[in-house]
Each structure stands twice: as structure tokens, then as C-alpha cells.
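After this come two complexes, each holding subunit A, first together with subunit B and then together with subunit C.
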Partner chain A sequence: MLKADNLHYVYTSGLIKIVKKTAVCGVDIEFCPGETVAIVGESGCGKSTLAKMLVQQLVPVSGEVFFNGMKLTGMSWKNRRKFMGKIQLIPQNPADVVDPRWTVERSVAEPFVICGVFSKEEISANVDALFAEVGLSVEHKTRYPHELSGGELQRVVIARALALKPELLVCDEATSMLDVSVQAFIVMMLKEIQIKRDLSLVFITHDLEAAKAVSDRVLVMYAGEIVEEGTDVFDRPLHPYTRALLDAARYMSLEVVVPEEIGELPDGFSGCPYYRLCRERTDACKKPQKLRDVSGRLVRCWKSK
Partner chain B sequence: MSDVLLKVSDVSVTIPTEQGTVHAVDDATFSINKREVFSLIGESGSGKSILGQAIMRLLPPNAMFSGKVELEGMEISALSEKEMQKVRGKTVASIAQNPYLAMNPGIRVGTQVAEPMQAHLGISKEDAKSRTCRALKYFDIIPPEVREREYPFQYSGGMLQRAMVAMGTAADPELIIADEPTKGVDVLKKRNIAAIFQKVASDGCAFLLITHDVGFARAMSDRIAVNYCGQIIEIAEKEPFFKEPLHPYSQALLGAVPERGMHPIPGPSPSMIEVPEGCRFHPRCPHKTDRCLTNPPVVEINGRFVRCWMYA
Partner chain C sequence: MIKLLKNRQIALSLIILGGLIFMAIFAGFLAPYDYTEKNLQNRLQPPSSHHLFGTDNLGRDILTMVMYGSRASLLVGFVVVSISLAIGVTLGVLAGYYGGWLDEIIMRLTDSFLAFPSMFLALAITAFLGQGMENMMLALVAVEWTVFARVARGSTLDVKTKGYVRASRWIGASNAYVMVKHVLPNIISPVLIMASLGIGNVILAAAGLSFLGLGVQPSTPEWGAMLNAGRTYFTTAPWLMLFPGLFIMITVLAFNYFGDGLRDALDQKMKNIELEGRF
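On to the complex of A and B.
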């Protein structure tokens, strides 16, 4: 359904001395209808940048995004707009995306207004239906964002994302700020909506347990690259980084040392990005690593069998 | 037993607001032993942080406090502000959630780390400086002589967190209160925080961890207290708690953790202004009976404390 080919993104900063930082480099992803995919990785590995490129908030430096066979990258803004409602992003902090001076009802109605094809009655009926769908009562409608709790506001944002009948929802750390019980509620609600509406879900998270609980397929990202992809990644991790990540999640295994600062690799280094920290590195790791198919699992490490 | 370090008895905090009185902490009673890691878990807005602030005597000025806090047998809740300043940072220190907000951006890190030593230990500037370097080195901030002259923005987040722990432990406190140390950080950073906390704990410092991260609390603590809507509803040793939580809310909370199937707790969180009558969890509780409309007693079962009629 949504397909991305060889996506790259580079952030540039600085006025006199221009600093370039590669955030995403060479990511290929394909999402099938009705599928739940989790993208995991540590902070700063390019997960959010990838999400923004998928929902067309950022224009990739190179690479292409296809939606149902239509090429979105390079399309004119006017044409692309028709597809934008079909791919929706749910951000980490819901307060960032709703206008604090609008009632939440107005925020949820906004997509319909922008569409311009709905009458006032249709809009208010649609908004009521959306509020019911995410489990908010009528009295929530006239409130302002600051009067709602984090979980309620996140539901408002989900309601708005559902307005234009999307086919893909990208949840960028949508639950990592919430308490476990609220998190469970939101995730279960999204799963229900997914079945009802036949949506595809992408969960971008650093919570490995949550990723394991909800997803059909898991992608592990490191330094802008996908290092491992498969359906049973957590039960049988193959890439050394995935193993380190899982060990870290088990806290108590303190003998496994994972330095947190990634550190810059020497200029022009084209080998495995995990080379510097990997405990199993050899000289062969200095060569560029390709994603290899290891019995149904894609792994970016020449060692895994 | 004289190894009780902190004793909190019948502490209540109410905060008057425009909407009404917020019952942030109600009748909190617990004690922390020396060298013990004690976790207070609960949802956001359940009054955990206010309880931590109440112990440190750092409540907002309009908050009403009642009850008794004893630290090493001294009633710190009755001290004057001037006397309290001698305790804060010396015997009990706090570590804030966000290091970038907690450190002064305009003062060198080394100066900030040295501050509690100079204030409490009465040592000279040179002494404080060399001790600061040692402390920074202990927490892997190298080279310390260079790093102590840098400003907070020159540090990475993890390093600043370590510097903050160095500052908290600078005057060798007996107890550290850490408020939400892992909110919004990824697994690797969380692991690093766990590692430095364990390092400090193994040096004999007691911890009060205030967190909503059940996994982190499980990895770190000796005992766990569960907070719901301003009340501590269960206190138990870690192992039996995770094996068999007693209070229905504890059961529901653990059931909501991803490892255990992510079952959401039904019903909305209660308001802290109009708290439910009787047991505060009863509107959402699957086992509720008519008794639950009256205040449940705190029951002791094998050294565990539960605030529930089911065990009365």
C-alpha cells in the first residue's frame, strides 16, 4: 500500500560553518493493508524523521514514496493534497498539534472544513461520530485543550486523524508520555479501530515491550538504517545491536555495556554504523553492510546465519 | 529497630485552587530503611510528586501540610526554614526529572556540583574543587578538570544527568529523592540511569524513587508503594508484589503493562478535587461491594499493607 524506496534525509544547520547530519540513509519500507508494524530504536536514530517523510511533512533528500502505486514525492502540492488525508500522523505530544485557543470540537472539525465539501450539519454529525468512536463524551466537545488530560487529548488527536478515513496511521511515540493504564487504553483502542476500519498502523516507539505486544512485524533502526526486520525479532534477535537493545531493556544485565553517546565515525567510513560499539566486530565489518535475507529475516550484518 | 531512616506519618497535603481544594496527598504513612530503595509508583496526577516535595519541604507556598516527617529521628516537618536548609542537600537530596531544567544554564557545572559540599561540609574552595573532580570522574565524566569548567549546554543529556547525580550525592546524603528519572527516555538511557542509581545505592544511600515506570521500579527497588488518587493503597516487598499484587488497583495497573497483555483499566481517572467517597478506586473496581462506600482500613498481611476491604 505505502512503499518507500531508498529514503535519505540530511539535516543541515549553521550559517558560516555548515554542519550536515544524516538522519535517515537508504531506508526501504513497504506496508501492507491491515498490518501493524513497529519501528523501534533509540532516540536520535531517525525514527521520527522517517515518519515525517512517510506522511509527507518532510521532503526526502533522495528516494521515493509511493501510495497505492502513485508516486507522492515530486508530485505537485495540489495533487498530493488529495492523498494527505489517507496517511495520518499521530504525534508524541498531542498538545503540540491542537490550537490551544480552539475548542477541541473545532479542532476535530477542521479537516472537514478544509475539505470544503461538507455542510454544517454533516460536519457536526461526523464530529459526533468521531468523538463516540474514540470514547469521548459530548461534554468533552466544548472544552479547550488545557482542560483535558493527556490521554483525553491524545484521543482528540486520534479522532481528528481518523476524520478523512485514512488508510495508514503513523503513531510517532504516541503513547510514550502516557501512564501504563492510559497507554494500554489508547493502544487497545487503536487496535479496535484498526480492525473496524481496516487500517494499517505504524507504531514508532522506544518501548520494546509495547512494540512486541502490538505489532505483526518489527523494524529495528540504528543510525538511520534499518538493521533488522522480521516478525519474530524479539524472540530471536540476530543483529548485535538488537541483542544489546534487548539486554538493555532487561535492566539487570548490567555487565552488558552499551555506551549511550553514539560518537562520530571517521569521515568516509562506509562500513557498519554499529562498528564502533559492536563487541563482535572484525575487519570485515568495515565494508558496507547490506540487508541480507536470513531465513525470512532481513539483517544488516554479514555474520548472522 | 533503629535502621529506619525516613518515617512519614499521616501526611496530608491539600492545595486550594480556583476550581476547589485538591486533595493531593491523603494520610500517607510509610517508612524507608537505611540503604533501601523504595519506589512510589502510580499514574500522573496521583500526587506522587507532591509527596516527594512534602518530604523535602519544597511544596508550593499555598499548599496546606499536616502530618509528621521524621528523618533519622528528627522531625523535619517541624523545623524552621533555616534549619531545613541544613538538612536539604546534606541528609536528603533530590534529583529532578529534567537535568536541563534543573541546572542553572549560566553557572559552570563544577561550581554547581561543588555547591552542596561548600554549603554543608564547610570545606575550602580548593578542597571542594578537587572533590568535585573526583565525583565527576566517579560518574565517568572525563576529563573532569576540563568538564567541570564547562556549562550545562556543553554536556549531552546523559552526562548532565550523571552530573546531577554527582551534585545530589556530593554531600553524602542518606536519602535521595528522584522524581520521575526515566520519563520519556529510551531504553538505553534508562539502563544507564538504572546503572548509576545502582552504583550510588551500593554505596549505602537510600532512594525514594517516584516513577510511573513499573518496569524501572521493578528493576531497581526493594519495596514498592502504590499511589492512587492521593492515597497509598499498597506497600509491599518487590518480589511478592509482582508475583501477587493484592489491591485491585495494583492488579489492574500491572495488567496494563505491555508484558502482561496491556489490559486498560476501565473507567476514567477520578478527580482530585471531588474524590470518590469511601475507597477511591471503587468506581472502577471489579470487586466492589457496598462496604467500599466507607473508608477502607489499612490491613497488614505478612508485612504488606493494603488499603482494601477485601482483606479486612
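On to the complex of A and C.
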């Protein structure tokens, strides 16, 4: 359904001395209809950048995104308009995407208004249905964003994202601002909506437990690359980084993660990006690593069998 | 709205402004005399029970003239600020929203207007176009719109980075839709504050231009023009300048007070501190 080929993104900053930071480096993904994919990895590994490129909010430096066979990258804004509702992003901070001067009802109705093909009655009926679907009562409709709690506001944002009947929802750490009990509610609600509407979900998260619980497939990212991909990654981690990530979550201790310090890598180091911190590194890791198929699992490490 | 009135500064200034506007509208009923009525036997009378504010060098009642004069002053204030606001906010939002070369052109234009001392610019324009109320207003608009353009641009730059603006674009909203529905409502409070402060400025500037003889026709009562007319008799009959001057001061002060109050009431950061003190 949604397919991304060889996506790259580089952040540049500075006026005189231009500093480049590669955020995403050669990522290929394909999402199937009705599938839930979790993308995990540490902060700064390029998860959010990848998400933004998937929903066309960032233009990749190179690489292409296809939606049902249509190439979205490079498409003009006018042509892309009809796909905009089909791929929706749910951001980390819901307060960020609703206008503080609008009632939440108006925010949820906005997609219909912009679409321009609905009558007033249809819009109001649709909005009521969406509010019911995300578990908000009628009394919430006339409130302003600052009068709602974080969880309620996240439901509003989800309702808004569902308005134009999306086929893919990308949740960019959609629950990490909420407290644990609300997190569970929102995640379960998203799963229910997914089953009911048969849409694909992409969960980008730090929360490995949640990722394990909801996903059909897990992608582990490190330094802008996918280092491991498979359906049972957490039960049988193959890449040393995945193991370290799981250990860190399990033991809350750094000693099990960080190996002996070897200092900065030389410029232009093209070997395994995890070389510096890997507990199992050898000289062979200095060579570029490819994603290899190890009995149904994709792993970017030559050692794994 | 009711919340706004709880702010004492706003309530007080609204009472004063309401009184002034009432006076301007109903000057015909309230004024004790006709402003064209000359009575040379009564010239330069000090304030008395017959003439509360005294009479001028032609024997006209100063109170009457001050009342009629408020019409010209308030009209100039409102009209100039409304036109400036429309021009300035439109250009400012366009500049801030689109950025790039459009921003450069609009902001360099604003800068070039700002580079002149404002009174000098107004003087030059009135001198060039000729004397008269319309030309004076035009001159004041030329000075005043830059303030709105700058404020609107600055606020737009802030608002356009907000998630809801991008979110709106991502579901297919046009730029015009985003500017009207999201940007404008979110920048309106600083603009309104500037407007209420601007009215005071404009009234003062209009009085200044009239004082220099560049404003309204001498026969029309106007506070600035009255100051100018009374100048010759300043030592012998100070009430000729005192009362119009006093009214200019009260009006400008009331508008500035209103603007200040509005800023405090609308400023999100100030709000919480205010609430603690007031309720």
C-alpha cells in the first residue's frame, strides 16, 4: 500500500560553516493493508524524520514514496491534495495541532470543510460519529483545547485524523506525553479502530512493551538505518543493538550496554554504525553492513545467523 | 467580554471614551450654543456661568467648539487607524506568511516609510497634496500603516510555525484559507492593542498638523486648530488653549489606557498573574 524506496534525509544548519547531519540513510519499507508496524529506536535515530517523510511533511533528499502505486514524492501540491487525507500523522503533542482559538468541534470538522464536498448537516453528522468513535461525549464538542486533558485532546486529534478515511495512520510517539493508564486506553482504541476500519498503523515509540503488544512487525532503527526487521524481534533479537536496547529497558543499567571506549570514529567511516558501542565488535565490522535475510528476519549484522 | 470589563483600566477608559463618543455624536443637542455663532461683544470672556469654558477671540463659546471638535478628532482617529490596520495587516500577514522576496519587498517598503520622521512625512504629504481633512488623513495613514505591518508580520512569523497551521495545510487547505482562518484570529490581539494605542497617536498627530495649519479648514472646530487659533492670546486668555489641550490629553490618555488594559487582559502569560490578584 505505502512503499518507501531508499529514503535519505540530511538536516543542514549554519550559515557560514554548513553542518550536515544525516538523519535517515537508505530506508526501504513497505506497509501492507491492515498491518501494524512498530518502529523503535533511541532518540535521534531518525524515527520521526522517517515518519514525516512517509506522510509527505518532509521532502526526502533522495528516495521515493509510493502510495498504491502512485509516486507521491515530487508530485505537485494540487495533485497530492487528494491523497492527503489517506495518510495521516498523529503527533506526540496533541496541543500542537489544534488551533487554540477554535472549539475542538471546529477542529475536527476542518478536514470536511477544507474538502469542500460536504453540506453542513453531513459535516455535523460526521463529526458526531467521529466523537463517538474516539470515545468523547457531546459535551466535549464546544470546549477549547486548553479545557481538555492531554488524553482527551489526543482523542480529538485522532478523530480529526480519521475524518478523511485514512488508509494509514502514523502515530509518532502519540502516547508518550500521556500517563500510563491513558496510554493503554489510547493504544487499545487505536487497535479497535484499526480492526473496524481495516487501516494500517505505524507505531513509532520508545515504549518497547507497547510495541511488542500491538505490532505485527517490528523495525529497529539505529543511526538512520534499519538494523533489524521481523515479526518476533523482541523474542529473539539478533542484532547486538536490539539486544542492548532490550537489556537497557530490562535492567535499567548502563554497564550491560556500553563497551570499552574507543573514541571517535574516523571521518568517512563506512562500517557498521553501531561499531563504537557494540559489545561484540570485531575488525570485520569496519566493512559496510547490508541487511541480510536470516531465516525470515532482516538483520544488518554479518555475525547473525 | 465581561472578563475584559473586570479589568479596572479597561472599564475606566471605556467610560471616558464612551463619554467622548457620546459627546461627539450628540454635540448638536448637548452644546449650549451654535459653534458658528459669533458675538464680538463677548470676545475673550473668561470661564463663567454663561460660558463654562469661556469664549474665543470671535466671541464663540469654547465648550461648544470643544464638543464639536471631538467629532473631527475622533473621526480622524478611527478612520486613519481602520485604514492603516487594513493595509498594514494585509501586507504584514502576506510578508510573514510567504516570506522570501515578497517579505523583502514589503518590509523594505515599510522600512523606507519608517526611515522618515513620522511628523515630517505627514507634513511633506500634506504640503504636497494641499491642506484639508482628507489629505491630512491620507498623510497619517502613510505614517501609521507601518506599525501594523510590522506587528502583523512578526506575529505571523510566530503563528505560521505552529502545528495547527501545518496540520491544516496537510489536509489540503489553501494558503488563503490558512491565512484567514488560522493566522488572522491568532494575531488579532497584538494588532488590536496596537490599534487602540494608535488612535491616541493619530489624534495627537492630527492635532499637531492642525496646529500647524495643515489640517481642517479654519471654520471647522477641531482641537488642534483651536490650539493654533488660541496661541496669539495665550498670555491674556489661556482658556483658549487650556480646554482643547485638556481634551486632547484626556482622549489620548484614555486610548492608551485602553490599549494597556487590553494588552494585560489578552496576554496569555499575564493572565494567570492577573487572575490571582483579582478574584
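Just so it is clear, the second predicted complex is superposed on the first by the 292 of 305 C-alpha atoms of A that agree within 3 Å, B and C clash if a C-alpha of one lies under 4 Å from a C-alpha of the other, contacts with A are read in each partner's own complex, and residues count from 1 in each chain.
Methods note: contacts are C-beta pairs under 8 Å (C-beta built on N, C-alpha and C of every residue); 3 or more make two chains touch, one makes a residue touch a chain.
Owing to the predicted nature of the structure, the values given are computational and were not obtained by experimental measurement.
Model built by superposing both complexes on subunit A: subunit B and subunit C fit together without a clash.
In the superposed three-chain arrangement, the CA centre of subunit A forms the vertex of an angle with the CA centres of subunit B and subunit C, and that angle is 80 degrees when rounded to a multiple of 10. Once the two complexes are laid over each other on the shared chain, residue contacts for A:M188 go to subunit B alone; subunit C is not touched. Judged by the number of subunit A residues each one touches, B leads among subunit B and subunit C. When the shared chain is aligned, subunit C comes close enough to touch A:R81, but subunit B does not. When the shared chain is aligned, subunit B comes close enough to touch A:K212, but subunit C does not. When both complexes are overlaid on chain A, the residue A:C115 reaches subunit C alone and has no touch with subunit B. Look at A:A248: by the touch rule set out above, it reaches subunit B but stays clear of subunit C.
In the superposed pair of complexes, A:L89 makes contact with subunit C only, with no contact to subunit B. Residue contacts after overlaying the shared chain place A:A223 against neither subunit B nor subunit C. With chain A used as the common frame, subunit B approaches subunit C to a shortest CA-CA distance of 7 Å. Looking at the complex, you find that subunit C touches subunit A at residues 162-164, 166-168, 170-173, 177, 182, 185-186. Across the complex, subunit A meets subunit B through its residues 42-43, 149-150, 176-177, 179-185, 187-188, 206-210, 212-214, 245, 248-249, 251-252, 254, 258, 260-261. Partner subunit C is touched in their complex by these residues of subunit A: 55-57, 81-82, 84-85, 89, 91, 93, 96-101, 107, 110-111, 114-115, 160, 163-164. Interface of subunit B with subunit A (complex): residues 43-45, 156, 158-159, 183-192, 194-195, 198, 212, 214-216, 219-220, 252-253, 256-259, 261-265, 269.
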